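Note that the chains are named A, B, C and D in the order they appear, and that numbering of residues resets to 1 at the start of each chain.
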Amino acid sequence: MIKVTVWNEFLHEKIHDEVKKVYPDGIHQALAKGIAGDGIEVATATLEEPEHGLTEERLANTDVLIWWGHMGHDQVDDAIVQRVQQRVWNGMGLIVLHSGHFSKIFKKLMGTGCDLKWREAGEKERIWVVNPAHPIAAGLPEYITIDSEEMYGEHFDIPAPDELIFVSWFEGGEVFRSGCTFNRGQGKIFYFRPGHETYPTYYNPQVLQVIQNGVRWAAPSGAAVPVRGNHQPLEPIANKG
Amino acid sequence: MIKVTVWNEFLHEKIHDEVKKVYPDGIHQALAKGIAGDGIEVATATLEEPEHGLTEERLANTDVLIWWGHMGHDQVDDAIVQRVQQRVWNGMGLIVLHSGHFSKIFKKLMGTGCDLKWREAGEKERIWVVNPAHPIAAGLPEYITIDSEEMYGEHFDIPAPDELIFVSWFEGGEVFRSGCTFNRGQGKIFYFRPGHETYPTYYNPQVLQVIQNGVRWAAPSGAAVPVRGNHQPLEPIANKG
Amino acid sequence: MIKVTVWNEFLHEKIHDEVKKVYPDGIHQALAKGIAGDGIEVATATLEEPEHGLTEERLANTDVLIWWGHMGHDQVDDAIVQRVQQRVWNGMGLIVLHSGHFSKIFKKLMGTGCDLKWREAGEKERIWVVNPAHPIAAGLPEYITIDSEEMYGEHFDIPAPDELIFVSWFEGGEVFRSGCTFNRGQGKIFYFRPGHETYPTYYNPQVLQVIQNGVRWAAPSGAAVPVRGNHQPLEPIANKG
Amino acid sequence: MIKVTVWNEFLHEKIHDEVKKVYPDGIHQALAKGIAGDGIEVATATLEEPEHGLTEERLANTDVLIWWGHMGHDQVDDAIVQRVQQRVWNGMGLIVLHSGHFSKIFKKLMGTGCDLKWREAGEKERIWVVNPAHPIAAGLPEYITIDSEEMYGEHFDIPAPDELIFVSWFEGGEVFRSGCTFNRGQGKIFYFRPGHETYPTYYNPQVLQVIQNGVRWAAPSGAAVPVRGNHQPLEPIANKG
């Protein structure tokens, strides 16, 4: 059983009518329902909960954390961000969705600005699989079409991803590296682009399939945690120094 | 259930007494026993069988092929090599062990010479995990010690691996990229260094653990096989050319 | 001074009027004129020359080989292909253009099928820089627009490139990894997509800039050629095996 | 002309006699002398200077910054660290040496803990070239031997490097990824392991060659700085959203 926590700032859904209409219970609930089952157990957490719902205990019981944030990035407490970063380093998987590219946690883990081009025009996005052997592409066709989405365009200011799985085509003329994996410490990170709050993207079965695949891929593998610091020699040394 | 075929040239074990003593039933049988069970089903095939045991039917029923060869590389029929390559491109996983670095199939898939330094001195090898988040390192300590092995040293003439999982330290002063992954077409490839025929390396539980992990990692993921060739437009084109 | 040889099969230009009109002296001459100067010295070679113009001597005097081929891939002699491969392994840079994706030499070096989607509709291509720090992107704007080109679409059946520099957007709805680097042995390889024979792509100053940058990047760096084979220990071994 | 600034905390050399003996003018002066000339112009900066010698003006006039720090990591002002990070993102190259692995700037750019195993036993290190085609390996033999160095061992807690160029063998039984490259924004980063303050490592001509090669590799390439943020469509959109 993989234990997932879906974290959502849960702000737009309470303030903006057009978002409320799409996600009446919040993006986190749509995601939770969409990926639960089949060996995946899902809890949720939001910005307004104490410690944003990301207590030490909650994180200790999370194999994979999914992150959706946008207008409230600055309201996330630095101490909680550091706690999440430490937990990723210790092996928790992290899936960062859409506007989470600008979250404190993603920027801290990437070491870059994470900025990009964007446009809200409800245009067509076609997400092409460029790494069909990757488990995150399991069960998918050659591409996913989303009729209306926000555009994200290159240059996306991230480190060269360890693996590039998806590249998006946008009606307005841009491309974007939409599915990227990274390792940080013992933790695996998957960034996945789609999911603007005004569109029903997180009800799309193929989008949910990708996120579910991502959960399975990002779950901790269980190698020994490396010991670091002063280290006794494993072989005799003819000491010279 | 993952269907594995262990292919072994099975020559040394019939000719050289010191090898026969270590692997009386052949390296393939030791490997098969060592990794079977727990969702993995193992068959074997050898050089002397018709079509080297790698018939179309056998390959169609193989999720992951394990390859051990050494003195008989040249005896492997080019048509069979091409068949295996095609099957890898179509999604079969491939685990190449030790002296398989010089097999026709590995060289064809790498596009390089695949040469390296070597020495048979029964020296100590210590295989360090450099990617502890990778599923192929699951369940392992920080390093595996093998008391007596053949040395393989850099420069190992392979493409830069997609992922580097293990680096070996050798008593005689060399290092080696001992665990490397590559993708070719839909297929995942894992090269793992240890396993000289005169040492009981394939009875080592940690070595077997790595190979079993490799099998799980290399099993096909099941994304759509891409369609290639002449392609109708998905969007209207203002034809100019 | 970097010594470049531009190899072109030089067939379309002699047979097809529309190609002859665009490249009256052949694609190789257009390329040669377009990249020569500023420390780059260019020679040409074509399919019909003895040994396709790629004699041992010519290759020994080539730092970077540029390859354009299409309808004549099968006419390239296997022995010459092997010679070029060996020379790349020994450090010669190789730039493969457009339909060269299906050349014998590229397929041999990649170890994959190298197939892709294609369409001749004269549509618009926009080549986005996704790795602006790379020397192959030097002097370029954020993207290059080509008004009429053949479409190439994913999945492009290559190994995951060492570096991804360009991604193309096509009017008809596809994307393509248009600028990719690979290492094989001591040699550096750069694949660059544009350049269908019926369009004046190789007169485009930005396209020429990319190829010139590629030449500088792919020129041999001059590290020691590794020695391989049986290797004496560098440190004392307590021989056990 | 490439403008280099060598930054050194310059503390050990003033406090510890054994270090003063090796680097009487400071590590920065040894490095500056060792790499200057041949198109490289070198300035220095140290911790005790105002703004640690890293003023806006100084950084604006630096193509590549070399960083050596150890006991004074915490004394580096966070505002200066942020300024250096921004300058790297804007294209300045950065070479981080030895104990700089634990500097604020390196950790910020990596997004990981950057910890490792270490031991001060004056043991032998052999730095193997595993990427002989890379310009940072230009002019080097197959390996560099350093008779006495501090040991650094795996697991080195960094992201998977974009390119792995060197792997070290240590007498005491460990290995280490000693030469690693990374991109962050427009900037190129090279981490190079050797250089403990008590050993004359930075007088070793091969070590200096690597650092000089690193300078040439990390110098800015000059592609357009990407524009990010709200972006007008490049193609007509059939607006639906």
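What we mean here is this: a residue touches a chain if its C-beta (ideal position, glycine included) is under 8 Å from a C-beta of that chain, and two chains touch if they have at least 3 such contacts.
Note that the coordinates shown come from a computational prediction; the quantities given were computed from them, not determined experimentally.
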| item | value |
| --- | --- |
| Chain whose Cα centroid lies at the greatest distance from that of subunit D | B |
| Selected pair, greater C-beta contact count between A-D and B-D | A-D |
| Centroid spacing, where centroids are CA-atom means, of subunit A and subunit D in whole angstrom | 30 |
| Subunit B and subunit D: spacing of chain centres that average the CA atoms, whole Å | 36 |
| For subunit A, residues contacting two or more additional chains | 126, 129, 131-132, 142, 153-155, 160, 162-163, 171, 173-174, 183, 185, 226-227, 234-235 |
| Subunit B residues touching subunit A - in the complex, by the definition given at the top | 91, 126, 129, 131-135, 137-142, 162-163, 171, 183, 185-188, 220-227, 234-235 |
| Subunit D - residues contacting subunit A, complex | 89, 108-113, 115-124, 147-151, 153-155, 157, 159-160, 162, 171-174, 182-185, 198-199, 226-235, 237-241 |
| Subunit A - residues contacting subunit C, complex | 126, 128-132, 142, 153-156, 160, 163-164, 167-170, 173-175, 177 |
